[in-house]
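Note that chain A is present in both complexes that follow, paired respectively with chain B and with chain C.
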Partner chain A sequence: MVTKTEETELNQLENQVENGGGGVWEYLCLVRKLKVRRSELVLKHGLSILNDPGKRSALGPDEWTLYEQVAIAAMDCQSLAVAQNCIKVLQKKFPESKRVGKIEALLLEAKGMWEEAEKAYSILLEDNPLDQVIHKRKVAMAKAQGKPSLAIEHLNKYLEVFMADHDAWRELAEIYVSLQMYKQAAFCYEELILSQPTLPLYHLAYAEVLYTIGGHENLIAARKYYASTIDLTGGKSTRALLGICLCGSAIAQLSKGRNKEDKDMAAPELQSLAATALEKEYKQKAPAKLNLLSSALRSLKL
Partner chain B sequence: MGGNGELKYEISQNAYIKLVLHSLRHKTAAVNGVLVGRISAKDEGVVEISDSVPLFHSNLALLPPLEISLIMLNNKKLEALSKGKHRSPVMQLCVKDASKNWRVVGTDGGSKLLLKEPSANVVLSDYISSEKWKDVTDFDDHLDDVTKDWLNPGLFN
Partner chain C sequence: MAEDLVLDTAIRDWVLIPLSVVMVLIGVLRYFVSKLMRSSPTPDAKMVKEGQVVIRARNLKAGANFIPPKSFRARRFYFSNEENGLLHVPKDQAQNPQAQMFSDPNMAMDMMKKNLSMIIPQTLTFAWVNFFFSGFVAAKIPFPLTQRFRSMLQNGIDLSTVDVSYVSSRSWYFLNLFGLRGLFSLILGDENAIDDTQRMMQMGGFGFDASKMCVKRCRLLSHWNEHYYSGFWSSAIDGLSYNQLNKAGAPQGLSSMLCLSKLARTCAVPDTTAYCLKASRRLFHMGSPSNEKDPQEVLHATDK
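This part shows the complex of A and B:
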């Protein structure tokens, strides 16, 4: 995940590069370092370096890394011919290389040649059974072929070995959510919160899944996690503030006709605090939408 | 609806373009949104879609943001059709066409969606070449930054 400062730096470089201000190599390196997906820009600007013999030789040994980066970006943009050319260059320079082998297999994937790609990856895995990237490609292929249950199977196996891979847990959670398997998604977020308890993103996601599952206890728990998100973000998370209001309303609805204890869980102060914070934010930043927000909040107050 | 059961949908240019631009903005994810329209006064078997509101491009199946977005949608729209799944046949048809030939969506038997103004595709290609999709903001963007307006009021000016 990218921090705010990193994102600002990236955007600045991006603007600079797009407006002809130079800094292309710094930009490409930053994209590589942060592992973000900016394939169109990488393709465009990477190629401008590669196609210029002077600029290319100025890179020295980094030239090959650039070929690799551009090949992958090209595949992401479906410019398979460009990718193929880059790969050819790499193959010539590094024959028998496993790293190039991975990119070749990626090209097979990009072409939709799933069986061939599977075979290629299996061969690569024989020599290096603990290669995380290849394992993840298998998950990606399952997803791309519209086989989410297979993707889940692969991911679960992967996580048995690499249980500290947070991105994998997140990916698994998102696949579960897309299949409406909310309880399983909740489990993933629980793992993530356990390992990184101060990351508000996980608290927020967990709260949203709990709310989606529904039921009195889950709503109470969801509210707790919305509250912790607000705590961890210094009150800046609009989604969490709205979540508190939604939870309050849903809990109150469920509590109708229940005993007094449950009614006490309605915590109206929390809801009105959240509502006030939201109205303040909208007043400052989006005054045109303030009325809309207020009427939405009113409809939630029952 | 009585009669022969199958509803036809006529989508206005702006609704259609917004929809496509939204999915172009988020090429690597599924998107969803709401189509807003009403039963045609002329023909009960036709629903006229007058506008579309782009909602989300991540975690489409989670309830809280969806509930908020639907509550915030203005009540003056006569009939709101929530068509999360509806979007995918449209998008698949357009996206799989890797060349920039946007076909009229009606060819997909499952969706029965017709373009009201056939020139919409021409306008759309223009917008695509000028990278207009960068200007589309959805409700997801709004939740991250409340200054962004998911109704995209200035999009077609």
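This part shows the complex of A and C:
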């Protein structure tokens, strides 16, 4: 995850670069280090450096890393000719390189030639069966071709070996949610919460999946996780506040016909407090929609 | 005799400084040679998997409070199951790491290379120092030493009446050996600091042994009780909500909601009920500064 200081630095450099100031090379290095996806800017400014022979030779051995970065950015922006040129230069310099081979296979993927890309990746995998990047590219290909079940299969195999890779778990959770396989998605989100318990994003997502699955226990758990999201974000998460109100009314609906023994006492206070907080926030940020909110909240309170 | 010996400055010029320079140069040379000879380790699939499993199990133990009890138990079973749990290594399979190390030719070669690159320059330099720079006093150590150090530090000096603080060049060699680590990390970059002392210590340990870690994790997990902390959390939440409620000027709605959300987060349902009862009653007493009661008193008052 990118920290706040890094984010401000990145934005500052971006503004500087866009408005004609110097610092292009530092910007590109920072983008590469943080692995953020700023393909258009990288393409534009990277090309400006590469096309200028003076600046290019000033880079020294970093020139090739820049070629690689610009090639990938070009593929992201679908300017395949630029990418092809960069790759040709790299191939001339490093003929038998695996790293260049990866970028070539990426180009095949970008052009949409799936079988050739698949073959290229399998060849690369034979040399190095434990290469994480190539495994992930295969998953991405399956996803791009619109075969989510195949993507799930690849991801599961990948996770059997590399089970501490939280990015992969996150991707798997999102695919499951898109396929409406909520129980499996819940499992993935649990893994994510285990690895990074202080990140409110995962608590929120888990709460939403639990709420979607439904059922009394799940709704109570969902409310707990919405509450923990509010805890972790210091009360700023509007979505979690709404979630609590919805959960409260759903639980009340479910437990109408039930035995009052396991009715939890937290319900009324929590819901009313969440509603008050929500109204306060709306008053501050979107006063026009306050009426909508109030009527919605009133209809929830059964 | 406690007289001060006057040492010739030529000793400094021709012994101390050249010895240090030579050692620095040899260190740099060794660094480049090791870089050339280093073979990139092909990661073994089994080792990678075991490493990742240990990380995941560690996360499970650390974050046990954050997931529902059922899922924690399911994962614990998955890891420490008797038949096919991931971390469970049956007793006969837990190999002696030493035996494993020597049976694997690659690792033996790697270790030999590492040791050789350290032993040979050391031996050569030591022999060179002894040959050229022995038989005279090289330096004076600024603090007094006992007589025990005489044999170690005054090797070439055959006078037994010389103060032990006057040492031969062998001790200068040893001083440089252990002290140039900082200089190397400056010159060669942080990761590549050649540290003989660290290498010598590493010779004792035989590298990452995943199977032993797995066994340890398995035992830890099977004894881990996810409700271990619930008692602690209860008392923590008690104090916390009390503090928040009595804090002057705190935005009351939000803070009380925060503390209620913390209550709602506790895993055990029966505790939640009791807490929410107490909390709601406390909430109604909130805001009246004259009610600076002892929390225990308040609790007992509401329980009546």
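Going forward, the second predicted complex is superposed on the first by the 295 of 302 C-alpha atoms of A that agree within 3 Å, B and C clash if a C-alpha of one lies under 4 Å from a C-alpha of the other, contacts with A are read in each partner's own complex, and residues count from 1 in each chain.
Everything that follows uses one rule, which is that contacts are C-beta pairs under 8 Å (C-beta built on N, C-alpha and C of every residue); 3 or more make two chains touch, one makes a residue touch a chain.
Everything quoted here is computed from the prediction, not taken from an experiment.
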| item | value |
| --- | --- |
| Clash or fit, chain B versus chain C on superposed chain A | fit |
| Which of chain B and chain C A:Gly243 touches, first, second, both or neither | first |
| Which superposed partner A:Ser178 touches (first chain B, second chain C, both, neither) | first |
| Touching partner for A:Gly215 - first (chain B), second (chain C), both, neither | neither |
| First (chain B), second (chain C), both or neither touched by A:Gly22 | neither |
| Partner chain in contact with A:Ala286 - chain B first, chain C second, else both or neither | first |
| Which superposed partner A:Gly112 touches (first chain B, second chain C, both, neither) | neither |
| First (chain B), second (chain C), both or neither touched by A:Leu194 | second |
| Vertex chain A; arms to chain B and chain C (CA centroids, nearest 10 degrees) | 170 |
| Nearest Cα pair across chain B and chain C, whole Å | 18 |
| Contact residues common to both interfaces of chain A (with chain B and with chain C) | none |
| Residues of chain B touching chain A in the complex | 28, 59-65, 67-68, 71-72, 74, 98, 143-144, 146-147, 149 |
| Sites on chain A touched by chain B in the complex | 37, 78, 174, 177-178, 180, 205, 207-209, 211-212, 214, 238-239, 242-243, 246, 281-282, 285-286, 288-289, 292-293, 296, 299-300 |
| Residues of chain A touching chain C in the complex | 129-130, 160-165, 187, 190-191, 193-195, 197, 220-221, 223-224, 227-228, 230-231, 234-235, 262, 264-266, 269-270, 273-274, 276-277, 280 |
| Parts of chain C lying in touch with chain A, wherever the complex brings them together | 43, 45, 48-49, 52-53, 55-56, 59-60, 62-63, 65-68, 71, 253-254, 256-258, 260-265, 269, 272-273, 276-277, 279-280, 283 |
